[in-house]
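Below are two complexes that have subunit A in common, paired first with subunit B and then with subunit C.
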Partner chain A sequence: MTTDQAVDSVASTISSYLETKAGGPVAHDADLAAAGVLTSMVAMEIVVFLESTFGVSIVGRDLKLDNFRTVDSMVALVTRLRENPDNA
Partner chain B sequence: MPDTLPAEYETVLADQADAWDAAGALPHDLLRELGKRGLLCAQVPTVHGGLGLGSGANGELTAHVGALCGSTRSVMTSQGMAAWAIQRLGDPEQRAALLPDLVGGQLAAVAMTERDAGSDLSGVATEITPDGDTVVVTGAKRWTTAATYADLLVVFGRHAGGAAAVVVPTTAPGVTIEPVPTPLGCRAAGHAHVELDGVRVPAGNVLGGGGPSLALLVTTALAYGRMSVAWGCVGILRACLRASTEHAARREQGGKPIAGHQLVARQLAELYVAERAATLACEHASGRWDARSPDMVMAGVLAKYSSARHAAAAGATAVQILASWGAADSGPVARAFRDAKLMEIIEGTNETCQLLLAEHALTTRSLP
Partner chain C sequence: MTPRLTVLGAGVMGTGIATLAIAHGIPVTLVDIEPAVLDRARGSVDRQLRHAQLLGAAPDVPPGELTTSTSVAGCAGSLAVIEAVSEHAEQKDKILREVSGIVAPGTVLISNTSGIPIDELAASVERPDELVGIHFMNPPYLITMVEVARGPRTSDRTMESVRSLLDLVNRRGIAVHDAPGFVTSRLLHPMINNAARIVGEGVAGADEVDELMAGCLGHPTGPLRTADLIGLDNLVDSLFALHERLGDPHYLPCEHLLDKVRAGRLGRKSGSGFYEYRS
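Moving on, here comes the complex of A and B:
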């Protein structure tokens, strides 16, 4: 798989998860915070989802809401953590 | 589920809980001993010297202790929450440095609440100010459980435009621990108001370097605290059920045990249902926790809310069943009545939990 394909796969996995909860499509650049749905509880759920799905560990300074505002920002976070697995 | 509370502690907790409650203090040595055996924060991974229990097994341990002594269980909640905060918010070096201490006899408390910051975190005024290789912590925390016993405090505050949790030794200059004189419940849990007056600690004590949102930091720490309180309430419910059934089967009025009177029998049925409902809610939430499923977050809120509501109601019911036997300000039922009320307030009041649950019900329908 090329890097682009890997990113696409992460993105579609994340949007599938959000769509299951939303009951509808979620654009990759849709701002969940602006839509008023990114409460700290929802963000925490997303943290656990990303960790268990992608085998990463989201701790310390990565626990900021900006990382969970859009599918794109979540993909960027997961991609970075997978490249630097020493944080686990 | 294997029982991890050694028998000698079962005996001492059962025998001494009333005396500790009356004195408003637990024996420090006992807490250190429980700490060294890893029992105060039993989910700390074995790689750091902990027992490495899952949420469900730790929950049963918490309920077991909670049925015997609510104050000791409160100390477990604090120590466990401190350990969880370090595990989640700390970097690998901090985890390796601090977690072995928390299963090595050091005691820890979490300082979160302030005068103007209970449910509303935007009121947090504690400042963690970077200054070279150090940070300076200034603020006033209230109702910090286990603070009178603690060697370490995990203090939440504002930091560099964001937020942070910082580990502060209670021996550091500028730390003042002022015990809460007469807590309504969990009277021996070491509740205190904590003053932090320009307390200087190494910058390396800021968990994960800090920076992220206060709401997410606190939500992370509370996720553990809510599970611990919920299981503690299961313990309260079991203590109430045990005392009530024993009394109702023995005490005779009108020529038969009061359990044979229908109005009392209904109360026993309600106690039993409450204990089962809380246990099932906790088992479900712990199962989701151990499976690392995203719905562990709301399952934890639900478990905490429903267990605390059931425990508070059960405390009152048990006093009613025991009547004059339950009216002395001592014994498992009196402690349950007082301790359970605090469980409707701590780690998210009933009302805060209701708002979260309502928000959850709405949010799952409104994602874009």
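Moving on, here comes the complex of A and C:
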């Protein structure tokens, strides 16, 4: 699998998870906070989902809401943590 | 040595209160009779601490240390002891009686009851002037306001200690007089009960009830999402406790709510309630 394909697959896994939360399609650049999907409780559920699905741990400075506002920002976070697992 | 807080009961509220204190750098001893519950609580506190950080709700200080114990014996030197066991007067009586015999005079005893009158609980303690109610909302580490219930025998000095404690964890308290359900439970619980009744009668689905209450009346999440967060079993216990003391049949939990509890659908903590939850 090329890097692009890997990124696509992360993105589609994340968006299908979010679609169950949003009750409809989720554009990869849609602001989930503005759409009312990223509530305080859902935000933490997303963190746990990303960690268990992609085997990453999201800690320290990465634990901020901005990283979870869009599918694109979550893909960027997961990709970075997978490439540098020690640089959390 | 930093003064330590003792929290009794490692359920949803006990772990949430422990997280609040730990996030503010205060060490906590969390006590429960079940070792398995304490094991799970460690994981919950860790996750809740990250939740608070994620939402910018934790100050930038090193977290306090969490100690767990199956015995209250270590609570003697605590800054304060917070009781967060189930909403059954007998259980609260038992634990408050035990703790009151151990702590030094001057140690504030706090009940996180959502509605059992403080003066009723005061019968269990040696120094009723040192007992006070702080009704934390779930999740305690995210909601910045608490309801403080002052019993008729609660002293000024105890109220002063409560203010200092709330300052330490950056919470604002509104003090009210003692009464069944105080203010928040007396208003919220019958509303949730009626919302459940409406769903049981088929007038509307849970999501429609919540959407209407949020969209038309400005409720942040809707009463049934709130119910799932509180825990439907706790809600039923609180409603019975309110009914027992106020007599109004409106407080008796409706069949739809009782059915959910009998089916083990207790809300978020069990994975389903009025809504389904994953992860």
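Throughout what follows, the second predicted complex is superposed on the first by the 86 of 88 C-alpha atoms of A that agree within 3 Å, B and C clash if a C-alpha of one lies under 4 Å from a C-alpha of the other, contacts with A are read in each partner's own complex, and residues count from 1 in each chain.
Note that in this section a residue touches a chain if its C-beta (ideal position, glycine included) is under 8 Å from a C-beta of that chain, and two chains touch if they have at least 3 such contacts.
It should be emphasised that the depicted structure is a prediction, and the values quoted were computed from it without experimental measurement.
J.: Figure out whether A:L63 sits in contact with subunit B (first) or subunit C (second), or with both, or with neither.
T.: Both partners.
J.: Check whether subunit B or subunit C contacts more residues of subunit A in the superposed model.
T.: Comparing subunit B with subunit C, the partner touching more subunit A residues is B.
J.: Thinking of the overlay built on chain A, is A:V48 touched by subunit B (first), by subunit C (second), by both, or by neither?
T.: both
J.: Pick one for A:V26: touches subunit B only (first), subunit C only (second), both, or neither.
T.: In the superposed model, A:V26 contacts subunit B only, not subunit C.
J.: Taking the superposition on A as described, I'd like to know which of subunit B and subunit C A:S40 touches: first, second, both or neither.
T.: After superposing on A, A:S40 lies in contact with both subunit B and subunit C.
J.: Which positions of subunit A sit in both the subunit B and the subunit C interface?
T.: Looking at subunit A, the two contact sets intersect at 39-41, 43-45, 48-49, 52, 59, 63-65.
J.: Under the touch definition given earlier, write down the residues of subunit A that touch subunit B in their complex.
T.: 17-18, 21-24, 26-27, 30, 32, 35-37, 39-46, 48-49, 51-52, 59-65, 86-87
J.: Applying the document's contact rule, which stretches of subunit C touch subunit A when the two form their complex?
T.: Residues in contact with subunit A: 47, 50-51, 53-56, 142, 221, 229, 268, 277-279.
J.: Okay, in this complex, where on subunit B does subunit A touch?
T.: By the definition above, subunit B touches subunit A via 88-92, 162, 207-213, 215-220, 223, 291-298, 301, 356, 359-360, 363-368.
J.: List the residues on subunit A that touch subunit C in their complex, please.
T.: 20, 39-41, 43-45, 47-49, 52, 58-59, 63-65
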